[in-house]
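One structure below.
As written, the chain order gives the labels A, B, C and D, with residue 1 at the start of each chain.
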Amino acid sequence: VPAASAIEQRIRGAFDRQGFMATIGASLVAVREGEVEIALPFSAALTQQHGFIHGGAVTSIVDSACGFAALSMMPAEAAVLTIEFKVNLLSPAKGERLRAVGRVVRPGRTLMVCIGNVFTEEARRSKQVALMTTTMMVVDAAKGLRD
Amino acid sequence: VPAASAIEQRIRGAFDRQGFMATIGASLVAVREGEVEIALPFSAALTQQHGFIHGGAVTSIVDSACGFAALSMMPAEAAVLTIEFKVNLLSPAKGERLRAVGRVVRPGRTLMVCIGNVFTEEARRSKQVALMTTTMMVVDAAKGLRD
Amino acid sequence: VPAASAIEQRIRGAFDRQGFMATIGASLVAVREGEVEIALPFSAALTQQHGFIHGGAVTSIVDSACGFAALSMMPAEAAVLTIEFKVNLLSPAKGERLRAVGRVVRPGRTLMVCIGNVFTEEARRSKQVALMTTTMMVVDAAKGLRD
Amino acid sequence: VPAASAIEQRIRGAFDRQGFMATIGASLVAVREGEVEIALPFSAALTQQHGFIHGGAVTSIVDSACGFAALSMMPAEAAVLTIEFKVNLLSPAKGERLRAVGRVVRPGRTLMVCIGNVFTEEARRSKQVALMTTTMMVVDAAKGLRD
C-alpha cells in the first residue's frame, strides 16, 4: 500500500481530471485510505423543479466519493470503474452545502463494495439526505476499461 | 387524464424549472403518457477521469426522464418525488450524445415504479450504457414534499 | 410509542405468522425499537449449487429483520410492506449460522428506510456476508395492503 | 457456445444441486440461451404475515433464474456468482403460482447484467409482482469462488 500522502496525491489527481466535479462546483475535502469526502455548495444551477438539489447532483458527488475511496485501496497500476449503485433519497437536499462521505466496506481484489452517506448542513444542523451502496471494479489501467 | 398536449405542457414546464438540466446541457426530446425521453450531448464539462460522461450525469438525465414519465400519469394537483433508484452502468458513456428513456411500469396511486434505459449514439450505432429502476412518489403539491 | 414489551410481543406475533421463517428454520433473536435480529442455522436444505446458503435465503431473513424493525416504530393500527430492497452479497454465506440485523435509518410517516447487515459465524469469527438497503411502507392494516 | 441441449443439461444440473429450490418447491420450466424460467406454486409454507408469498421466496426464484440465464452464456469451465441484486415488489405475490423469468441484458466476459421479472397467475390473468436487476460474476470454477 502506498504512503498516505501518495494516496492523497493520487486521488486529488483523479478528482481534478473529473471535469464534471468542476462543472457542479464540488471540492475534495478529505482523503483517508478507504474513505473520501466531497463537498458541494448549494447553487441554483443544481436544482430540480422544487428548488432542491437534483438527485443526480447528489448522486454525482457520492459516486465520486465512493469511487475514490475504492481507488485509495487499489494498487498503483489500477483504475476504478463504477459497476452499479443504488441511492435512497432520505430527505430533500436543501441547505447551504452537501457533504458526501464514501467508505469501502469490502475491499476485494476484483470488486469493492462501498457505502456512501450524504448530509446537508443547515443552520448548524447536519441531516442525512441520501444513502448509497455501490460496487466498484478494479481494472488494469493499461489494458483498458471494460471487456 | 389530461389531454396529450396538456401533459406535454406540464412536463416541459417542470423540465424548464430544473436548473440542473440546463447546467448539464440536457434537452427534453419526447413526452408521451408514461414515457419521457431526454437527450444529453457529449461535453468535456461532463466527464470523469477517463474522459467518459460521469455516471452522475448519466443518472441525472435518466432520473429526470423517469420522474417526468411518472408525473405524466399523475393528477394535476400532484408533484413527483424520487424515493430511490438503482443504476447498472453497462458500458462507458462515450459517443456524441446520450439518450435517456424513462417509462412507468407500475402506475400506483401513491408509488410509481419506472424503468430507465440510457443509450449512446456513436457512428450510427446505438448502444445501451445504463439501466435504472426507480420508485417515484406521488405527493400533494399543496401539502409539501415529504413527511 | 407502545412500551418495549408490547413492541416485542407485536413483532413476535408477526414473525410467528410468517410461515416462511419456520420453513427455512429462522428464529427471532432480538427486538429493540427500530432494530430486529434474526438467526438462521446452516442447513443443506438452504443451499445453492456450490454448497453455500442461497442468496434468496439470506435475503429472506434480512428482509424480515428490516421489515420488523420498521414495524417496531409504527403505530399499532399499521402494517408494513416491503417496497424494494437491494442486496450486495459480500462473501459466500457459509458457516454454522447466519445472523441478520435490520435497523431503521429514516423513520418517516409513510416510508421507512432501513439498513440490513448479515453476518456469518464460523470458528469464532464473525464476517459480513450481505448488505441490504430497503424501503418499507406504512400501510393502514384495516384498509388493505396496496393501491 | 455449447449446443442448446448441452446448455439445458448444464442448467438443469446446477438447478438440481440447489437444495433450496427443492425446499421451496420451485421447478425449472424453460432454458434458452440467455433466458431461464422458474415456477413456484403457492404454498402456506412460503408466506409472510399477510398470507402472501414472502419477498425472500420471490427473490429466491428470480435470483436463480437470472443466475442460470447468465450461466447459460458462460464457457463450460465457468461458474456463476451473484454479486448484487435489487428487487422492486410491485404487487402482493398471491395467486396459484409464480413464474420468474431471468434474462441477460449485458453478457460481458467478467460481469453479466440481467433483468428478472416475476409474474403471478391467478384466474387466467397474469400480473407482474416483482422486477429485479442484478449483476452476475463469471468465476473460474477450478480456482474457487471469490477473492
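Note that in this section a contact is a pair of C-beta atoms (placed from the backbone, for glycine too) under 8 Å apart; a residue touches a chain by one contact, two chains touch by 3 or more.
Remember, it's a predicted structure, so these values are computed and weren't measured experimentally.
**Student:** Using the contact definition given at the top, which chains are in touch with both chain C and chain D?
**Tutor:** Chains in contact with chain C as well as chain D: A, B.
**Student:** With chain centres set to the mean of the C-alpha atoms, which chain is at the far end from chain A?
**Tutor:** Taking each chain's C-alpha mean as its centre, the farthest from chain A is D.
**Student:** Between chain B and chain D, what's the gap in Å when you average each chain's C-alpha atoms?
**Tutor:** 29
**Student:** Take the average of all CA coordinates in chain B, do the same for chain C, and state the distance between these two points in whole angstrom.
**Tutor:** Centres of chain B and chain C (C-alpha means) sit 32 Å apart.
**Student:** Quick one: which residues in chain D touch 2 or more of the other chains?
**Tutor:** Within chain D, the residues that touch at least two other chains are 83-84, 86, 88, 91, 135, 146.
**Student:** Quick one: in the complex, what on chain C touches chain B?
**Tutor:** 83-84, 86, 108-111, 135, 137, 146-147
**Student:** Once bound in the complex, which stretches of chain A touch chain C?
**Tutor:** 86, 88, 90-91, 105-106, 113, 115, 128, 131, 133, 135
**Student:** Which residues of chain C touch chain D once you look at their complex with the stated criterion?
**Tutor:** Residues of chain C touching chain D: 14-15, 17-20, 22-24, 44-50, 53-57, 59-61, 63-64, 79, 81-89, 91-92, 145-146.
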